[in-house]
Structures are given as structure tokens and as C-alpha cells.
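Across the two complexes that follow, chain A remains constant while its partner is chain B and subsequently chain C.
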Partner chain A sequence: MPSRCETTTARSRFLPWAPLLTLGIMVGPVVAGVLGTLVPAFGYLPALGSDSFGLNAFVLLFDWPGVTRASVLSVTTGVAATALSLLLVTLICAAWSGSRAFRIIERMLSPLLSVPHAAAAFGLAFLIAPSGWIARATSPWLTGWDRPPDLLILQDPLGLSLIAGLVVKEVPFLLLMTLAALTQIRTTQTRDTALALGYPPVTAWFKTVFPRVYAQIRLPVYAVLAFSMTVVDVSLILGPTTPSTLSVQILKWMNDPDLSLRFLGSAAAVWQLALVIGTLILWRLAEVAIARLGRLWVTSGTRGGATRSIKALSLTAAILSASAIVFGILGLLVWSFAGFWSFPDLLPGGFTTRTWMRHAMNLWPVITETLIIASVSTLIALLLTLACLEAEERHGLKPSSRALWLLYVPLIVPQIAFLTGLQTLAIFTGIDGNRTAVIAVHVIFVLPYVFLSLADPFRAWDSRYGHVARALGAGCDGVLWRVRLPMLLRPILTAAAVGFAVSIGQFLPTLLAGAGRVQTLTTEAVALASGGDRRVIAVYALSQTAAAFLPFAVAVFVPDIVWRNRRGLRHA
Partner chain B sequence: MRRFLAATLATFTAVAAAAEPDPSNWEAVTEEARGQTVYWNAWGGSDTINTFIGWIGDRVGEEYGVTLEHVKLSDTAEAVSRVLAEKTAGKDAGGAVDMIWINGENFAAMKRQDLLFGPWVEEMPSWANVDVEGKPAVISDFTVPTDGLEAPWGMAQVVFYYDTARLDTPPTTMEALADYAAANPGRFTYPQPPNFLGSTFLKQALIEFVPDVSVLQAPVDEADYEAATAEFWAFLDGLSPTLWRSGRAYPQNESRQIQLMADGEIDLAISFNPNEASNAIANGQLQNSVRSFVMDAGSIGNASFVAIPYNANAKAGAMVVANFMMSPEAQAMMQDPEVWGLSTVLDLAKLSEDDRARFDALELGIATLPPEELGATLSEPHPSWMVRLEEDWTDRYGVAQ
Partner chain C sequence: MPDPGLTLDGVVIRRDGRTLVDISDHVAPGEVLTVMGPSGSGKSTLLSYIIGTLDPGFEVTGRVILNSTDITDLAPEARQVGILFQDELLFPHLSVGENLAFGLRARVKGRAERMRRIEAALDEIGLGGFFHRDPETLSGGQKARVALMRMLLSGPKMLLLDEPFSRLDTERRDKIRALVFEQARAKGLPVLLVTHDHADADAAGGRVHRLE
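Here is the complex of A and B:
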């Protein structure tokens, strides 16, 4: 029951507009950016002396010898990474949910989620490279290699290492979304019923729980698909270069001194967008087909299922995926202190703090910039989210499921398709290259995540506390600030931590909105990736990981300290 | 309204034009520079170089009150693109780029399109000591006259380095290199063009195979491109399958090559800094069995420059930084193998005794060739050759197998 709060202060007049404002902040730039990409793609950009529409840029694009390979690569890596991540997540949930191992997996989630994509990719690169840790650990006693083998593992033309890099990061994200979905549907009851009817646990889960869970995580899956097809930073680190993926090639064209290539770049961005939309449609069709087959499978009533092997397989895969990140970070740690380190030594010949000392001076301004951008964009996102949720409460402005789609717009429309357009617009309107622009763009990506993490706990809050407070004479604002928000301290801090981590991980938005002048840990780390000295990369990637991880630690410990005298709130 | 705007704009432009710093009045320049922030767009992929640029920033801050911000690029073309975009958008003052580390085709492009401020270089105090006679590359950038639009600050020369533990006598001709690669597949590579070092490898090879070297000094359109490059492409077609990863992947740049060398993936590599191997050994990045060598045919040499875009926001500040970079103090620091090891552009004979002592005190690194063994410097081909080679290379090897 929404409480009646009809006051007329300025703040309460603003509140009903909050959802609209939030949507505008999130979706407006995406629409503007897509237009800024579409128009030059069809040849119209008066500032570059072209004021008629045409298909020239597309002709050039399809004449480029690499277009087929780059496009195919974008689709195959995206679909493979998404399908593998989804498969792994559902197998883990089907085989292990409710067990003790599952609670350990749950606890590992936040730290794994907070590791930025670029840092995870660097770590993985060092593990699986022919000169990496795995090869070192098994050489020469097992493999007989006294020099790294000439194997094309990183930057392989099929993008396999790129897929691996995406999977290790998307599994924690999809798992988190699945866990949230599982709490919203009653699963134990249906599963128990199915078990009582003689279905093995994994089969029971797939037949009774999965269809409802998938309906809930469909949008996050689409977001993962769109992201994986168009990612730039991970692709720069792990992806092939002859040719590179389409998104990386677009970035090259957009940065070429020959400005006429911007038409080509825009056309390629439109093509990339079309590829994403096409792939999403195919994915949807595949959903329908699988659902139809699945229904036959469910109604057939077969009781078969290899529970034990699925349990073993999924746990192994989960451990592999998590260890790729954990050992990757560990490898970075060792490299950051390494002296000369030859192959196939498992550890460096000597340890030194020199790399850290050398970079301490350069790191500080970059860390400060990163933290300022992350804090401000998270704060804005948090305030807008709370305003929306409170407006929903007071004015009954509950978003329809269609509005929820809008929340995913910035996550599904590929960054490369609208950020390049935004950059074109920004340059030709003369606003660009400062911190404010970067923060504004970060808010677009931080907001959906903050909203998604905070909405459920906020709505689940027991409103009887509010009634009691009102009865004791508190106003609506009093209830919000003095009762509800303090009680929701932990979820608010967690949502902030998620937002913080998202902001820190942003590469393309920072690069394009900041015109290269705003340097964060991520842009520095990826710029240095081209440099190749693993020690320096390690220093930056670790700093990046630490900056993203810290807020999660705060979210865990601060409520314990603040509520040390309120036992019931510590685990709220 | 429109007329009013135009008039205002014209006034602003006039004021801006009147306020351009004049390097012949150096005191006024340093006065104006105090308090300015200079955004120096420079390739940021090398830790060694970034540290040196950081040191420059510290020194000009102390000495002249100029704040230097290093905008780290992965490719200089990004800065050129930015200035060009600003010009196209009509942003003729207050641009985002104050100074660019530049040479070759990027300089040629900016000069051709009137994107550079100047001439300013030859009126600066530090210019007096530059060795114009001994190092003609300081006024001729890939054959294009600099005309005082860019200030030289370091001399680079191609060398190769190899691991003596794995390779006794390194190949000193391109033919011998191809033979070595054929006999030891996967043990040689070069950075992927259009990376400048990768393109330099192409040019270094082209010089050995072109029937008449003189055609390279003129724009590529004036030569019979097919005839000039036929042998060179035949060589590259033979070499590519024997490269590291069979030529299906390439390192992005020289730093990545160093890592490959340290890991023992490759036996020899190209470099544009005679001191790079020594420096990497000193930093613990390379094994100390690495040494340098040069090709019998000689090796390409060029100069690094800084230029100021026509619409730069802090021109006076940029000049002060450039002038400091050409000072004996900064040049000796740069040439120190412990710091970077790039050769100076100065004529040591013109320096005072104290300043010369700074250079005399520098010791050659363990893997650095003495000047007499470095041998003759070959001139860079006209920049249009590099552009053409890069395009053709990408079509042949860069997009599909």
C-alpha cells in the first residue's frame, strides 16, 4: 500500500518526474549517439564537406578485404561466449543450488565480479600464452619445451582466447542475475515435487525451474550477447589482429588522421549494430525452437539424467573459470614484483619493488581521476535510482515490464555504435574532452546496474516499519531518511560498489568522451597493453582491480561497524 | 544576429592572432608560458620513455612554472586526427592538443594541410647548439623540409638485437635473414605495420631490394612502384610463413618484441633505438646475453620532433618545453643509457666545457654498439612510400590468410 505523502516542497514536486528524467539521462545519449552514427554512415556530414546522402561508405566497407572475417568473428565470438557462459551458469545452478558448495560459489561472486574485464584479460593472457604460467609449470619436465612453443594461442584467428576471456567474466555476471531471479520464484517447492515424482535433481531443475528462470534473465543474456560481440578492450588484449574484430577496426577508422574514414567507420558501426540486432533475433528464434523441443522433453516425462557427471563437470568448469581469474591476478602480482624472469622458470630470478616505485608518482593522479569519476557517476546514479524507487512508492509510478527494457538499452545497443556517434557530435559541437563529459557517459552505464541491484531490496523492505514511524509522527521524508535508507544501508552500499566497479571498468566510453585527455586506470592499462612490459601492465591492472574491489569490501564491513549495536540489521 | 556573431568571431580571431607568442622575444614567451598547462600528445607505450617525459614535466614545472600533461597515445595519428577534426569543426583556437611528438608521414600530412603553428623553431635559444651540418635529418624529416615547424629532440637509428646464447653470427643482409628464418621457423618477427617500427622494417628491407635507391627520395607516384617493389614483395612472401606464429599474428610494437625476446620466443628483433637492448637489460627486461648488430647495407636513421598545432591552447608553454628538451641538460639525460639512450641532436663542439662533460660522463650500455660500428645512416624514404607500403602490406598479410 503506497503511503499518502502529498506535500508541496520543491523536492516532492521533483519526485514524480524522477523516472522520466532518469530514462532521459540513460536513453537520450544512446539515441543521439545512434543518430550521430547513422547520419554520417549514409554520407551526410557537412563539417566534412559532404551534404548529400549516399551509400558510398557502405560500398567502401564491403570492399574492405577484411570485412567478412571481421564480421564472422564478431558473431562467432559473441554467440560462443554467451552460449558457453549461459550453459555453465545453468549447469552450476541445476547441479548445485542449495548445497554448501553453492554457498561458497555465491561468496566468490562479488570479488570475481569486481575484477575489471581488462585486468582479467591480462591475467588470462599470462596464464595461457605459450610463455605463460601453465606452460612454465609443465616445462620442461612434462612438455620437453625449453623455449616457448610457436603456438598461436593468444590472438588466434578463431578468437578462442577472446571467447575464454569473455566467458570467465560473464559467468559471474550471469550467475548473479540468475541468483536474483531464483529468489523471485519459488523454486524449492516445485523442485521437491519433481524429486518426489522420481526426477533426478538436475533433470528436475531443468524441467521445472529453468523455463521460469530464463524468462527472468533473458535481458541480461541479451546484454551479454551484445557486449561480447562488440567488446573493444578485451579484444585488444586477447583478440586476433589479422584482421581484428569489427569493433576494434571501427575504432581504428574513427581515429585515423584521414577524416574521410569517419564515414567508413560510421558505416561499419551501423553494420555492427545490424549484426547485433540480427544475432539477437536469431537468438530469440533459437529460444523459441529450444522451448518447443524442451516442452516435448518435459511432457515426455522421461526420468533420465546424468546427475553425477553433470555435477562433476559443472563444478570443474566453475573452478576452472574462477581460477582463471584468481591465478591470473596472482600472476599479475608476481609480475609486478619481478626482476628478470626467463622461460621456463616458474618464478622470477629476483623480486624487486622497482616497478611499483617507478609508477607510484604516475599512478596517483590517475587513481584520483578514476576515483572521482567513479564516485560522482555512482552518486548520481544512486540518487536517481532512489528518487525513482521512492517515486514509485509515493506516487505509484511502478514501471511496466516494457519500461524495464529501456533500462537495458545502454547495455544492449553496442557501445561502439553510439559512442562513436556521440564523439562525432561532440567534436562538431565543440564540447568534449573533459571530466564532466566522461562522468555523464559513465552514468549511462552505471545507472542500469545500480538500479538492477537496488530495486529488489528496496521494494522488499517491510513497509510496516514505515507505518510505525508515521504513527510516531515522522513525515514521509523522515521515514525515508531516518528509517528506510539506514535499514537498507547494506544493499545501498552493495549497489554503489557495483556501480563503482562498472565505472572503473569502462574503457571505450572514457576514451571517446574524454578525447584521450581524461586518463583512468583502465585507459592507462589498455594503452600500456600495447607496450607489452608485463611488469607495468601488472601494476596498472592490479591498481584497477584494487580500486574496483575496495567498495565491495566497504559494503561488507561498514554495515557491521555502523550496526554493531543492532544485530538484526547487520545482515539485512 | 549572424552578422553580429561573425563580427565577434572575427574580433576574437584577430585578438588570438595578435597574441601569438613570438620566439624571437624569448623573455615574453617564458613570461606567457608561466602557469600554462601543456598537453603533450606522445606515444605512451614505452615505460622508459614515459618516465623520461615525466622527468621533463618535473623540470619545466620547477624552472618555468609550466605544467606538462603527457597524453599517452597508442598511435600518433590519433593526435593528428584530433587537430584535423577541430579544424573541420571550426575550432581555430583553444585546441585540445598543444604539442605532438611527430615525424614522417604525420608531419607531412599536418604540414600539407596547414595544421601546424610556426615557423618558430629556429628562433629559439636552444636551436643555436643543434648539429644541422652533421645531422641533416634535423631539418629534413623523411625528405620533407621542416621549415621551422617542428623541433628535433632525438636521433634514432635502426639496429637489430639478438641473443648470443642462441645465435652465433647474426644475419647481416635481408637475404641471410630470410635464410635464417627458413631454417629456424618462428624465431623472427617484426611489429605489425602500420606500427612505425614495423613499417620501418619494411623500408629497411625495401632499400636492399629496390633496383635504384634514388627513387625512394621522391614521392611514390613519380616512381614505377611495381618495378621498384617487385623483388621486395617476393622476399616478404617468402619470409612471412617462416615468421613467429607463421605470420598469422604479429607483436604490436617494440616493447612486445622485448617480452618475446625475454621469453625466448624469438632470436632476433629490429629496434629503432641503438640503446634499447642495453636499457632493457638494465631494467631486468632482457637477458644479458643480448647484443646489437646492424645490417651491412647500413641502417635507416631519422630524428624525432615536436610540433605545435595551429590552434594549440598553450603555444608559449609548448615552446618552453621544446626549448628545454633541446637543452644540454635534457639531451644528456635522454642520451644516458640508464634513462633512455636516444642520441642527442646537439653538436657537442658548440657546447660549453661543463655541458660537454655531461655527455662525456655517459657510458655505453653493455649491448650498445660504439658509434664507429653503428655505421652509415640511410635516409628515410619519402613519407608517401611508407603510406603505400603500409596499405599494401595490410592487403597482403593483414586481413586474411
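Here is the complex of A and C:
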């Protein structure tokens, strides 16, 4: 809106370019990375002495005995995790939105969201493993076990535990996105109308609200699908091993000292990208089919029922999903302080700080590195986001819905497909393996989340405050720094916390951009997975969780302290 | 030739070919011109145009002249046009006193002097000792007085009133309205009032321009 903002200073001349720069920072590396994957996949990599195109790498890939199994696993685990998460989220919203239980669920979201994937996966593993808490709680009185049973629960060949690990983390994310969509479209009236026409609440929600909500959360759903199909860290912890999912196998090839395996790795990454694209297309077709069936269902006039059982079912599932994270973290906590702990005792024989003490020395530099990377990448993302939003305000550069798609590019194009290419490019240009490279790559993933988190509150700000301030003599910068940003302190800190948590949780980007030389809490924790020392894993996973959670606490409490005498801003 | 007051010289505002506002008028110092029209008739558009925050999507012709100065192309912060909206819009992150300090021109220098001026202003609107109060804890009438004083401290050369204080109850509203007009007359400021409420127009007592 307000034109007539000066564009004479260097900073104000930069502003109109901010959206373009931001898009470049997010989309540029993805494009470069995909190219860097494609070209060696087809045999061209002069640095390794190959300068002719060919399909050799693909022949090798499809000769690999595990290729079918790994590909099928990638699709089945990804689709199952996404479908289950979406189903659970829609059932919760349909049965409970507007109720008091729903507000409790809303309040639990941020802490659940902040738990990094790896930590949640470890927590879940500690619960469901044959010697985990669930087995201990039911042994021997129920199960008759007096030693851990010889069952393949973790890393089961069907990927069921992997699916479970993904669902518990994707449910909070999809729920958050759904809540944002629900506030944008006024749903109460629609639902009340349907109620008055004799539809029970759940049917009313699915017939009138869901179609519009889904249109709004489609992109996040695609992001969840692509992520679930290609996740590496969760799969290393919970996923099957012989063979592993395709993305894990790609990582192995890319990290192999035998550099010629890079051709194979790149070909597999291209194949993985093709799988994701194919699955997304199938998902889209399923959307169309379900929409057609849904239309028949809506016009059939059937009122349906079963509200009570759906309410019970969805709440149980939601509690189960949240408990898996909460008790998982609790389990990590107990393990990290556990002394001798024999099966099937529910708690260790004694508690000790020995594990923490022994690893404190190694932990500190890793924590520092993690926090530096997260702080810098979040700060960069925050500045770019604010510059974009302010440019939108001053110069009317409002992004079209197509530009919103671009925001999701780094979230939908699988990390494994373009980071491997970026790594290949980086190695041969010599810019990999340091902190700067890791920060640069983190920004790609932190930016979309910071933008999505801050855009709505920033745009929803009552612009008349700005008009008043300008009429009182403040310039555009004055309005921004003296009025708008202070008033938006809470959403800005929340967006920063989200960005921080995203950065902390990054595994593959840190590993590949850092060439294994930059160690963060996440890379260290995941690296410990194969070792199987539960106490050490617990120490690292908990540190990771704490690092991701603290900024959320700051985002809640700092505004409360700063604005303790400002009622108008306390519960914004 | 000095021509004190506000002149709207052939102001026509269109959007998508439709004429929203068409007005030519002169408001003398201390005089009140009321612009009336139903909601959606372009009243707020006219105000945005005069304070300089109109969306570029509008097509506008005409000039706004304030005390012989053409302010049509000035930045909003350079126009010295005071505005009061329907809501008080006190900055929620600042105390009552800081809100007034935001309005008080920087040419009043020195912490002590600025403080003295703000305390005096608070006394003037019957809110002595309210400097550190959270604006959100004030009553509607008190907020309205702070908003008025914040605007007056910025030294405006005219007042724009956008259905001011329509959220207040009738009695408070009458008082605040009287206070505003009294201040405007005392300082010799031209006033443009937009409203859809006849009571506002009657209280203003001046000429009425109707928008369709």
C-alpha cells in the first residue's frame, strides 16, 4: 500500500528486490542441485574422468538386487504415513473443532512440533523396542517374558515402525496447517447451517468444511508425502535395513570412499525423484477420484452418524500419537540418567549423572556449533522474510498463488535428490565441508517455514496504526521499526523459534553440505543410532530436543515479560 | 496571496471507472465541513487521499491545498494532517505518555522539556499522572482524549475525523466531540468530518457535503 516511501537510501533501494532475492535463495540451489544430480546420473562428470553421456549408472542401479524392494518401501511407507496422518488430522478436526478438548490439543501443538524428527524417532524406538518401556510395563505379568523377546519390532522389513515414527511427527505439522486454513475460511457458519439441516457434526464437517480446507492444505500434504518417502534420519533409526529405504541407500553410495559409486548414487537419486513425482501424480489423481465420490456422497443427502464413535476413535488416536512423543522424550530422560537397568524392571535400579558427565566435554562444542548454525540461518531467513513482507506492503509486490508454490519447492523436491547434486557441485568447486556451506543450505529449508509462520500475522496487522503514525510525522522506516515490529514481537519470535527448530532438526543437509566435518547434535545423535548405546543416544537426543524447544519457550515468555504492562499485546 | 484553510480543488477519485468522490470546496480555519454518505460511498477513500495513504489502484485528479501549500504530492508524514479514526488506535506497545511522545514533534528538545510538555498535555485532558499507564487499561472516553491529544501534539494544520468515537456511548461522545471542535476552533484548524450519523453533522453545525 502506502506508496510515497522514499527509495533513496541504499536499504530502501534494496527493498523492492527482496522478494526476487529470496526466491533465488530458495529455488536457485534446488535447481542447481537437481542439475548436479541429473548430469552425473547420465554419466557426465569430467572430474571423475567421465565426459560422455550414457545410461550405465541406471543399468547398475536396476541390477542392484535391492532396487525393487527399496523403491516399493519408499512408496508404501511414504503414502501410508501421509494418508494416516491426514486421516487422523481430519478426524480430529471434524469431531472436535470448537470444543474445549480441541483448544487443549492446539496448545500442545508447538511443543510437539518443536521436537526434532530424530529425537522423536529415538523416543519411539525406546518405547516399542522388545526391551522398551511398553514391553517392560507388560512383562512378565501379561506377556510372560522375563527377557526381551526376539522380535523384529524396530526396523521391521515392512517399515511399520518407520511409518509410526513419521505419523507422530507429521500429525502436529498437518494439524497446524489445518488450523491456519480453518481460521482463514469461516467454518462455524457453514457447519451450523449443515447442523440445522439435520447433519450430525462429523458428517457436516466432512461435507461442508473439508473440501475447502483440503484445497488450502494441499501443498503441505504434498510436502509431507515427499518428505516421508525420502526421509533419511528417521529411516536410519526406525526403518528396515536389508534393504533399507532408497534414500538411505543413496546416502551410503554417495558417502562411499569409492568415488565411482557417485554415478550410481546420482542415478538412484534421479530414480527417487521420479518415484516422488510419480507418487505425487497418483496422489493427485486419487484426490480427483475421491472428490468425485465425495460429490456423490454430499448430494446423496445421507445424514450419516457415528459421531460418538468417531469422536472416541479420533481422540484416542490423537492421545496415542501425542503420548508416543511425550513418553518417548520421558524415556530418553530416564535412559540418560539410568544406572543398571535390567529387564523387565519398569525403572532403572538407580539414577546417575555419569553418562552426562562423561559426554559433557564432547557435547559442548557440538551444542555450540548447532546453535551458531541455527541462529545465523534463522536470522538470515527472518531478515529476508521481513524484507519481502515489507516490500509487499510498500511496493505492492504481493506474491501470486503461483509464487506460493515456489515457497514449497524446497519442501517438495526431495532433499536427497538435490542435496546430492549440490554436494557434487560443492566438492568440485571446493566450497563444501565448512560451517558457511551448512548455514547456506539450512537457510533454504528455514526460509519457507519462517515465511509461512510470519506472513499471516504480518499481513493481518491493522494498517491504520501505520496511517496514524505517518500522520503523526513518522516515515516508512519509523512506522516499521517503532510501531509495526514491536507490535509484532510475539509472531516474530514464534517464527524465529520455528526456523530455529527446523535448522536444529536438519540431518541430510548438515551431513552433505558439511561433508561429514560439521557436527551438530542431529548428525551426532543419528550417527550413534547404529552403536546402540541407549544412554549416550538419550543424552544427544535430549540435548537436541532441548535446543529446539528452548526458543519456543522464549517466544512464549519474552513477550509476556516485555509486555507485562501492556494488556493489548499479552495474549495476541 | 495567503489563503488560510483547506482547499479541495476539483478532487475526483475513481476506481474501475466508477466515480467514488467528486468534491471541490474550501474549509476556513476553525470551520467544520461534514461529508456524509452511506458506508461504501467513498468517505474513507477521501480521507486516505488527503492523508496520503491512498492505494495506487485509484485514479485521482485534483489538488489538495493547505494554507496555500500544495500537499497533494507530499509524503504522509510531511503533510501535517491530523487524523482521528473510529477507533483510538493508541499504540498498544507504548505507555500513555509514550503515545503522546510519539506525537510530540522532535523540535521540542530535551528530555525534561518533552516530559513537561507531555505532563501538561495529560493535565489538560484530565489525565494527570497517567504517563506510565497501559493504554489498554483506560476507559473508552479516556482513550479518545489521549488519541486527540496525541494528534494535537504533532502540530497538525488541519483535522480529519473519520466517524470519530462512534464506539463511545452517546453522552461521552457528545463531550469528546465538543472537546475536539473547541480545540480546533481555539487553534484555528480547518476540520473535515466524515460520518453517516446525523448527530455528528448536527453537532458540527457547519456545511454538509453529501456523497452518493
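Quick notes on this structure:
Note that in this section the second predicted complex is superposed on the first by the 566 of 572 C-alpha atoms of A that agree within 3 Å, B and C clash if a C-alpha of one lies under 4 Å from a C-alpha of the other, contacts with A are read in each partner's own complex, and residues count from 1 in each chain.
Definition applied: a residue touches a chain if its C-beta (ideal position, glycine included) is under 8 Å from a C-beta of that chain, and two chains touch if they have at least 3 such contacts.
These numbers were taken from a predicted model, which means no experiment stands behind them.
Contacts of A:Trp563 after superposition: chain C is touched, whereas chain B is not reached. When the two structures are aligned on the shared chain, A:Ser342 is found in touch with chain B, with no touch to chain C.
Of the two partner chains, chain C is the only one touched by A:Arg482; chain B is not. Contacts of A:Val221 after superposition: neither chain B nor chain C is touched. Touch criterion not met for A:Ile310: it reaches neither chain B nor chain C. Touch criterion met: A:Gly396 reaches chain C, while chain B stays clear of it. Applying the stated contact rule after C-alpha superposition, one finds that A:Asp462 touches chain C and leaves chain B untouched. With both structures placed on the common chain, the touch criterion links A:Asp150 to chain B but leaves chain C unconnected. Judged by the touch definition given at the top, the superposed model places A:Leu472 against chain C, while chain B stays out of reach.
Residues 1-6, 396, 462, 464-475, 478, 482-483, 486-487, 489, 563, 565-569 of chain A touch chain C in their complex.
Chain C makes touch with chain A in their complex at residues 48, 51-53, 55-56, 74-77, 79-83, 85, 87, 89, 91-93, 95, 102-103, 105, 132, 134-137, 150-151, 154, 156.
Here chain B touches chain A in the complex through residues 39, 41, 44-47, 50-51, 54, 69, 71-75, 77-78, 80-82, 84-86, 88-91, 96, 106, 109, 185-186, 192, 244-246, 248-253, 255-260, 262-265, 284-287, 395, 397-401, going by the rule given at the top. On the side of chain A, the complex with chain B involves touching residues 47-48, 64-66, 69, 130-131, 146-148, 150-152, 154-157, 240-243, 255-257, 259, 338-343, 350, 352, 354, 358, 361-362, 427-430, 432-433, 515-517, 519, 524, 527-528, 530-536.
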